[in-house]
Amino acid sequence: MSTPSTEMGGDISKGLIGGKRIAIIFFSVFAVMMAWRIYQQLFAWDMGMDSFEPEFQTYWMNLLYGQWILEFTLAAVIWGYLLKTRDKDVFNITPQEELKRTFTLLAWLFCYVWIVYWAASFFAEQDASWHQVTVRDTDFTPSHIVLFYGTMPAYILAGVGAFLYARTRLPQFAENISIPFVIAVVGPFMILPNVGLNEWGHTFWFMEELFTAPLHWGFVTLGWTALALGGLLIQIILRIITLTKLDDEVHVTEKMSD
Amino acid sequence: MLNFKKSVLMLLAIMVGCIALYAAPAMAHGEKSQAAYLRMRTLLWYDVEVSTTKLKVNEELVMTGKFYWFYDWPSNIAKPEVAFLNIGIPGPVFIRKASYINGVSGTNSTRFDIGETYEFKVILKARRAARVHMHALMNVKEAGPLIGPGRWVEVTGDMADFTNEVTTLTGETIDLEHYGLVNAVKWHIFWGVIAAAWLLYWIFQGPILIPRYKKVKLLGDEADDMITPANRMVGLVMLIGTIVVVTWSYFNAYAQYPVTIPLQSGQITIPALPDAARGVNVEMIDARYRVPGRALEFTIKVTNNTNSPIKLGEFTSANIRWMNPEVSQAEPADSHDPVASNGMSYEGGAVMPGQTKLLKATCTDAAWETYRLAKLIYDPDSRFGGLIFFFDEEGNRSVVAIGGPLLPVFI
Amino acid sequence: MSAVHSVSAITTAEQQHRIYKAFDWIIIPIVVLVVIGAFHIHAMLTIGDWDFWIDWKDRRWWVTVTPISLIFFPAALHYLLWENFRLPFGATLACGGLLIGEWANRIANFVGWAYFPLNMVVPGEIIPMALCLDAVLIISRSLTITGVLGGMLWGIIFYPANWALIAPFHVPVEYNGVMMSVADLIGYNYVRTGTPEYIRIIEEGTLRTFGEDVTPVSAFFAGFISVLAYFLWLYIGKWFSKTTWMKRI
Amino acid sequence: MLKTLYIIVFALMSTASWGHGGVMNEGNECKLRVGPYVMNFSGYQPENNVSKQFCDDMPTIGKSIIVLDFIDNKLRDMTVNFRVIKAEVAALGTADDGKVNNAELAQTPFFEIPAKRYPTGTMTITQDFKEKGHFVGYVVIEGENEKFISRFPFSVGYPNPGIPAGLKIPIAVFLVIIVIMIWLARRKPVVLNERKED
């Protein structure tokens, strides 16, 4: 993710969003999700019903292993890149640069929540349309392979990426750790380990798929943590207020009304 | 930078190639994953037949058969206090027109007795073109699906031709495929538009976030003054409007559908069939599984209380059948039907009326391994179960459940 | 002293306005997406089964559980958006977002993948109750009054608002010698291998007194618990919108 | 850093399926592929490792039993010929293991089970391996108008020096943790430049 396309010397207030990069994020995430969905449409009912058939190995387990390799690689590359290229002079950047970077952070967050939508809404409820209809015979079902081992690692990738971006490039986040940001990234991340609880329960007790079973409530609680993005929003707003203060304005702070 | 267009084309070509290569036939599902003791000692199915394996959309298929609730029910599996006769198909490829257990409609969940036999009949109507492996299936509350024998069934035709018409008690004929949909969508659109209008009303006063945040902080205790009387009037109109529309729609729906009933959820108990053993008593003496030979060997003490000599013709368990071709013949119905047509033999010959005799039977087939039944010896509870079929000279059948500890033999 | 400077990047009010607008443009999609995602996973795993299937939408459990579970996010968003921005659309945002997520999934997956008829999987109608909750907030300008009056209204209005959608499915049918509602029949016809009949958590008949008045009793109870849940979730919303910074974690 | 990761990932991957030639170990199933058909392959050494099941290689010499279970029912209508030929070298672990060698096939086998039909779908081969050595197994199946050959090299009496399958994933996870810990311990704390006073 590069800095927005405004040239130095131009008006800083123009082109902050970077419509092009938002469009690229939007469409590339969309394309990946559609690819997964089409793959399911083609191969789930025909090849994904019996984990003991060789076809299941070919179409689904190989997809799973492929995903794992790709996720490991991408995590190493993206996170490694963000850390490696950190800005050691982060406390000396100009306010203009900081403003631009703040909007880059927002682009990262957009990427994060856009994947969160696909994982937590689209593919999560899709899991019901699969497991309430079929007999569960493995932990790695065609809906789980995409949901738990595809989309969830994908948003973890983006979420941690966003956090690292802020930590390495924005002075405020470099100086202190934003607790709501940590919650909003780590909470949904914890959903992945929670899959362990889910599979454990389903192996020993719940052969039927009751979506509202208490077994699933770990996911619910961890989903709530996405609300912490509200706290992060206020933190970012307060910083932008500082960065956009006009000379004749009263400086608005969080505590001023208390 | 790679040539973007070229890369996309390449990807497309690879995708198309994969799809073309893998347009392979549909597959079966998950029966093998269940633990062997679960498959052998819960619900034992037999005589399962389907009326046809090739049909068109809107045509009907009948599946019939019997099931026996094994007497030595595993203690960690919930008993069939609440159970529901189901069908294992991938989504509604068929609709279930009717299902009967001992002639009683199976629309409700049912209570069953351990150690008893029931017969079932399910009438299905084809809805969607597909080739599926269809299973008889029983859902038992807290125990999950107990899967019966499967058959490959192929449906051809177009789903668009499918109709599912019923006549309500109020005399209206409706198609359940679309019934009530337009009305529901209409209401969702109506409320959706209002919700969107309400959100856009605020968003178009924008920028709303930072300026309003600043204002809230600057005004402090007076921040509520940011809400103008006009805003509040919009809120009031919305509140009254919503309540009026909801009230009207509620009474209007009552006027349109004066006769309604709540969802029906009763449970029933169905009496069992008479004992299928017909006076044949069997006692298990010992049972061994020969690991390298893939053979179950068991010795039983048989007492024949019928008035005709009987011979052992079949052993069945976990939907696999070992046939003794000298007494009873059966062939696999399709590629995934585990029937060992030649799999069983026994020593001891016929048991005469009134006689008590030891019989030593051997059931051999690769299915022990390929259907993962041999894993039984690694289960926490390594007892087995199954049904044996005796036939007398007139072809009358006695069905007796057997079971007990199973010892592995490795040499 | 903080290592972070506090110098402005701009000089004119026009620039400031432009930045504020840009901020809205990027934040609003983010908020919408995260609300859909987080609220939907919450909804599907607490009231999902009732919402998925027409033969789960009964007059006791669905009516009770849905409003209680669904008030969580509107309450948290009311806190965030009202306390910080005096914006009164938290409930409509949450419920509208949830419906977008639900419809996308029902069409693409329940119908497009599992081939159920769409009328079997139409989501419950939750917009009217959200509009009421927001309206009470803007009229009263008080989260407390919204909790007490709006929360009650929220619970009560849920079933009447849905009756127009589900009434046709409660028409009786005689089928194989049994009387069923159309909804029951749809559930029986369209085979769900992993979801047997008994797994439905629905009314199984009442004990004496209130006999036929199952729905109002359930709705009032739902309203009552919704009020309590609203206040609980105001606090949770408050907690989540804290702007804590820490040197180390 | 990246390289280590790759190695770990591939170590993880290799638990999924590995084997020699026609015999593949897939998870907990040992499969023998003959043309389009699949059999389960199980090896037992009742005298030394009573209940243990082996996939191709036999760890010790002595009486050994190999059982082939046909997964595809069509195999029951075909004849199966099983032969073992002495070899000089152990399995290579490459794709060449599966290549049918006609000269090899023409040799007098070490032992052979002549072509026969197995209607119960299970074939038991008992052989006493007196000394350790390397072998090549051939399975030849023949139906009405089709014939397929599968080749799989195996060794007897060489205990498998590799990491047991069940331990691969824990070892890989452990390695990842160690790598991360080393990285955390050795990493120099990042010193950010202080803010210059304006």
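First chain written, first letter: the chains are A, B, C and D, and each begins at residue 1.
We adopt the following convention: a residue touches a chain if its C-beta (ideal position, glycine included) is under 8 Å from a C-beta of that chain, and two chains touch if they have at least 3 such contacts.
Bear in mind the structure is a predicted one, so any value in this text is a computation, not a measurement.
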Query raised in the report: Which neighbours does chain B have in common with chain D?
Result: A, C
Query raised in the report: For the chain pairs A-D and A-B, which is connected through the larger number of C-beta pairs in contact?
Result: A-B
**Report entry** Euclidean distance of C-alpha centroids - chain A vs chain B, Å
**Finding:** 36
Query - Centre-to-centre distance between chain D and chain A (centres being mean Cα positions), rounded to whole Å - result: 39
Report summary line: Taking each chain's centre as the mean of its CA atoms, chain A sits from chain C at a distance in Å of 23
Query raised in the report: What is the distance in Å between the mean C-alpha positions of chain C and chain D?
Result: 53
Query raised in the report: Touching two or more other chains, which residues of chain C qualify?
Result: 3-5, 7, 20, 23, 27, 84, 113-114, 116, 192-194, 196, 199
Report task. Check each residue of chain D and list the ones that touch at least two other chains. Result -> 192, 194-195
Report task. Provide the list of chain A residues touching at least two other chains, using ranges where the numbers run on. Result -> 91, 133-136, 171, 208, 234, 237, 240, 244, 254
Query raised in the report: In graph terms, with chains as vertices and touches as edges, which category applies: line, ring, star, complete, or other?
Result: complete
**Report entry** Contact footprint of chain C on chain B as seen in their complex
**Finding:** 82-84, 86-98, 100, 105, 107-109, 127-128, 137, 139, 141, 145, 159, 164, 166-170, 172, 174, 176-181, 183-185, 187-188, 191-192, 194-196, 198-199, 202-203, 206-213, 215-216, 223-224, 226-227, 231-232, 234-236, 238-239, 242-243, 245-247, 249-250, 252-254, 256-257, 259-267
**Report entry** Of all residues in chain A, those that touch chain D in their complex
**Finding:** 54, 57, 61, 65, 68-69, 72-73, 76-77, 80, 86, 88-92, 171, 174
Query - Of chain B, residues touching chain A in the complex - result: 19, 22, 24-34, 88, 90-91, 130, 133, 137, 139, 142-145, 147, 209-210, 213-214, 216-221, 223, 372
**Report entry** Sites on chain D touched by chain C in the complex
**Finding:** 192, 194-195, 198
Report summary line: Seen from chain B, its contact residues with chain D in the complex are 291-294, 332, 335, 340-343, 364-370, 408, 410-411
